[in-house]
Amino acid sequence: MSLNIGVIGTGAIGQDHTRRINQVLAGARVVAVNDVNRANAEKCVADYAPGATIFDDPNALIADAGIDAVLVCSWGQTHEEYVLATIAAGKPCFCEKPLATTAEGARRIVDAEVAAGKRLVQVGFMRRYDPGYRALKRAVDSQTGAPLMVHAAHRNPRVGNAYVTPMAIHDTLIHEIDVLRWLLDDDYVSAQVLFPRKSPHAHEALRDPQVVILQTAKGVVIDVEIFVNSRYGYDIQCEVVGEEGIARLPEPMGIQTRLNATLGQPILMDWKDRFIDSYDYELTDFIRAASAGTAAGPTAWDGYVAAVTSDACVAAQEAEGTTIAIDLPARPAMYG
Amino acid sequence: MSLNIGVIGTGAIGQDHTRRINQVLAGARVVAVNDVNRANAEKCVADYAPGATIFDDPNALIADAGIDAVLVCSWGQTHEEYVLATIAAGKPCFCEKPLATTAEGARRIVDAEVAAGKRLVQVGFMRRYDPGYRALKRAVDSQTGAPLMVHAAHRNPRVGNAYVTPMAIHDTLIHEIDVLRWLLDDDYVSAQVLFPRKSPHAHEALRDPQVVILQTAKGVVIDVEIFVNSRYGYDIQCEVVGEEGIARLPEPMGIQTRLNATLGQPILMDWKDRFIDSYDYELTDFIRAASAGTAAGPTAWDGYVAAVTSDACVAAQEAEGTTIAIDLPARPAMYG
Amino acid sequence: MSLNIGVIGTGAIGQDHTRRINQVLAGARVVAVNDVNRANAEKCVADYAPGATIFDDPNALIADAGIDAVLVCSWGQTHEEYVLATIAAGKPCFCEKPLATTAEGARRIVDAEVAAGKRLVQVGFMRRYDPGYRALKRAVDSQTGAPLMVHAAHRNPRVGNAYVTPMAIHDTLIHEIDVLRWLLDDDYVSAQVLFPRKSPHAHEALRDPQVVILQTAKGVVIDVEIFVNSRYGYDIQCEVVGEEGIARLPEPMGIQTRLNATLGQPILMDWKDRFIDSYDYELTDFIRAASAGTAAGPTAWDGYVAAVTSDACVAAQEAEGTTIAIDLPARPAMYG
Amino acid sequence: MSLNIGVIGTGAIGQDHTRRINQVLAGARVVAVNDVNRANAEKCVADYAPGATIFDDPNALIADAGIDAVLVCSWGQTHEEYVLATIAAGKPCFCEKPLATTAEGARRIVDAEVAAGKRLVQVGFMRRYDPGYRALKRAVDSQTGAPLMVHAAHRNPRVGNAYVTPMAIHDTLIHEIDVLRWLLDDDYVSAQVLFPRKSPHAHEALRDPQVVILQTAKGVVIDVEIFVNSRYGYDIQCEVVGEEGIARLPEPMGIQTRLNATLGQPILMDWKDRFIDSYDYELTDFIRAASAGTAAGPTAWDGYVAAVTSDACVAAQEAEGTTIAIDLPARPAMYG
């Protein structure tokens, strides 16, 4: 009665999901893995999935009769192909961000899932499973009145040289793009990007910080600060201003100390520590739904909308200060 | 050795300043008052300034040899005339906001003071004297590195029907316009206004809330939320993001309670309670400087810049979403 | 490779542990249950353990060759018998509080486990698994210097009429007795109880609140407020004062709101919500150790010490204001 | 119409009060000073009271017809004599702590004031004027129900070698002794002192920290931690637990920063910064009442009760762990 899972891509996140499924969560087992680098796959099996089969061909893994559901954790460029194949096989599929590297690719997945006639895809937008965001959503839905504004920030202490300006959208803002839509139950209609004076800690090819202003169909104005060389910490802030009051995302749990003339509380430095519980909860949700032959949580449509919105935000970066419209086609009924 | 002060305008703020000078602070006395409504002046004398002379003509008060310094607390339309007269008399003058109702009027005061060759005017921007803002300025100057962004909010629980859209600039944002310039030691170069969906609590002639985006000469991007029907409280927020970290304006002192399933702290409902100490401190500064024949604190130039910036913000309201440039003439050397 | 668990006692906590093992955690399954009330056992099987065997005789369950490990969740009076039987069967045993209803009973379990030559018993002191207490312990061990004082509080909103004065020790303080020993790595040497004026909300047979003062072998002075009619919430506080500074247990995560003139955060009302994660973590630890044929976490010795200390605290209640010595025999080497 | 004040003792606090009266507050002037060291008096006059008369004989100052009221800021041993002389002269007197160095001495002042038939003495217990304590008192009186317990702490970063164990009562706890009586509107009936293991930072002749347990006539149990080598800061904590909820003294205002992986707020290191506003408010109250020929605020009776309570606490230090009764005579009607 346990769900048999195949994992494609056994890099950091693929290994971690394998460990999670086999050692932490009830209801499923990773029984097969694939990686472009076979040594990676072997290590993953040795460490976290003793007895699992190693497939050299990911499509063979997807097609294998012993596999009930697939996790796509490979390089982003390959997501579209493997997700489409998993849908074609009629199996539930959990796909890490991004669903596809282009909006058109994400749209093809949406179309395939709609053609399949039922939900099979969950996208790894884990913030929707964070207990803080979930509590915030409850407060927004029940206490503070209809939302009017959101003030948010996404700060990292530093980034490497490979991180260039558009990545602030594709790799960083992507999380706010998805979670704020979900939080507000709304869609974006425009994006604008402003660039403050650049931090001296940002390297040559990166404009940092940035302020992104999103407006929604319901008229909410959202400002998101992106600052990936903040030095002081990895810090996610979100404040929703409603008609009757305000609700704020909690700080991560930390010990308050009185030491050296300071009343202090630690701020995380590593993003991996911030939403660590959420990975457990998103996979629990996937296992539950996949065991019933379907998928839950963030949809392929959510992945498509994130891709369209990201493209608009990058266009807004390039046209600094200009408001770029975001046009979405009609939402298929399946994603009601 | 006590400074003899004449007060023009004995409405709420004029009376309160009179009480402050005569009953709270050292070093000065209100010895003369004027009001367009003589009964007001009589009441102020009876309540707070026994023995003070009532002048029917404000210009006579300004000119009187027994008066060392003047407080202009009358209706805004009259400020320019009385401040110019006090400068002409060579006496220090404390003028409540606005310094003048037009940028041109404020400029005439600047020119008169420059011609007089020394500072004689202090504008009543009391936030610069708030202990919270002063501590914030110290932190910004010494701890958090050069400022890159400011996130601010100015919220009132509600406003009357007389409060229309441009008043969100002239009566509300005016405080942020001045205090953020001082906090950042910077000048504005552009303004943009965005209107979220209107709160159902805002009356017909008022678009509320608003988001004002100001950019500065040094490249700081500032977002200020103005929300004067926030319902929940009078709440002033200010967070400065610098190159090395962030500093935030403190919440007003309040008792933390554990009651009825809530860990709570009171939020003020009345703006008059928020900066109450600052009035003492600004007048103490005025008395100190005026006793030496000059003025300190916010200058006529600050009043002029606030007027120019306000005009740009109102233009930005009218051209919703458009960025309006703010051009300032060269700053006279006296205000270096 | 999965651990087969038998559960004795399928009341609230027994059912909840069964659900947790079968639906949430990896590595084990509840395959057998027993309850004095067979209908309870049947309901538990139907709800959370389809296919599990119902034993009418708990000793038969313990002895059954298909059972690898036992959870004792039955009525406190029966704990000693079932734990001794499980030790006799050489199987790992998780026992809910109390380990036994008398210190002598707990001692017999310690002696049996020592005779068995290896750890087989884990006592259900779940607070040691709370992420807040664990972070507090790290701060106490690494940041604040050697502990000198602890200020703690254990507050419930209200209790029923069955809750009488000694239960403030046996049912309430018991958690602080265990977790503070663990936090400080220390043992108690004396107890004193002071009774403030009684709350009007406390019923006839209950003196409430109480202040318990514990002193430790290392010289730490601990004050614990017990207040089970606090009305406002279920609230656990713990502050450790060390040679270099202070560390404090975090508040439970909650959304900060600005509503109705209050900056507020919810306080829990139900104790069941406070340490909900800890149950997952303690059972994960049990499953891990029991899969290797042994036990981890809180020991039978910890259960015995808690019983001895509780007895001293009840004596201190009866001798209000008097300091009662706490004498412990030497700790067996196994519990080093 | 200004009150003419004579200051006896122009050490640190005497000078500071002189500055405050002459440069900050309305309604009074220091016109005469005395100090055992004439050079001190001269410096005070030069710095803060130009034109004031220097008296070599404090009794002559008290008696002088030009003096309306007296501030006693001299060495503690002399307080009783000068306060009695000021009462004898029928003039209002502000006396710094302690009112007298013995309970008997304080009692003689009470008797003299009662004989004089009206209040003439204010004792310098400035904490009653602290805005935080005043707000706390309002919350305790109106929100949290009748008090049952108080948890308090008085921490200094370090003390010099002259500070020996009983000074923890006479110089440190004395503030809590007075302010908690006022806060609770109650009197003490017993004291007990417990000594945790001594901090390695405490010198030879000082037991530090200490825990003082006070019980009141209304049945409130108070624990006060005294820790004068806390290293981390000067920190005053006070939490009142009432029948319906809890109220807590606010932290001093400070800027919250996000810097170096820490969400921090400064803790004061110097006690002089903590209650700095309170000195202004207590003297404002004195000037107001003395201008009407009487005294307000903390009474001679309060000074006497503080002396009696301090003596009991020192006895409780010497009889470590033992509860010492505190017996007060009937309160004279004047102090109702």
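Going in written order, the chains are labelled A, B, C and D, and every chain counts its residues from 1.
Please note the rule applied: contacts are C-beta pairs under 8 Å (C-beta built on N, C-alpha and C of every residue); 3 or more make two chains touch, one makes a residue touch a chain.
Note that the coordinates shown come from a computational prediction; the quantities given were computed from them, not determined experimentally.
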Report back the single chain whose CA centre is most distant from the CA centre of chain C.
-> B
Roughly how far is chain A from chain D, going centre to centre by Cα mean, in whole Å?
-> 58
For the pair chain B and chain D, the C-alpha centroid-to-centroid distance in angstrom is 38
For chain C paired with chain D, centre-to-centre distance based on mean C-alpha positions, whole Å = 45
What are the residue numbers in chain B that touch two or more other chains?
-> 231-232, 244-246, 254, 258-260
Looking at which chains touch, is this a line, ring, star, complete or other?
-> complete
Within the complex, chain C is touched by chain B residues 157, 231-233, 235, 251, 254, 258-269
Which positions of chain B touch chain A when the two form their complex?
-> 146, 148-149, 151, 153, 194-201, 209, 211, 213, 215, 218-221, 223, 225, 227, 230-232, 241, 243-246, 321, 323
Touching residues (chain side chain B, partner chain D) in the complex = 21-27, 131-132, 135-136, 138-139, 143-144, 244-250, 253-260, 284
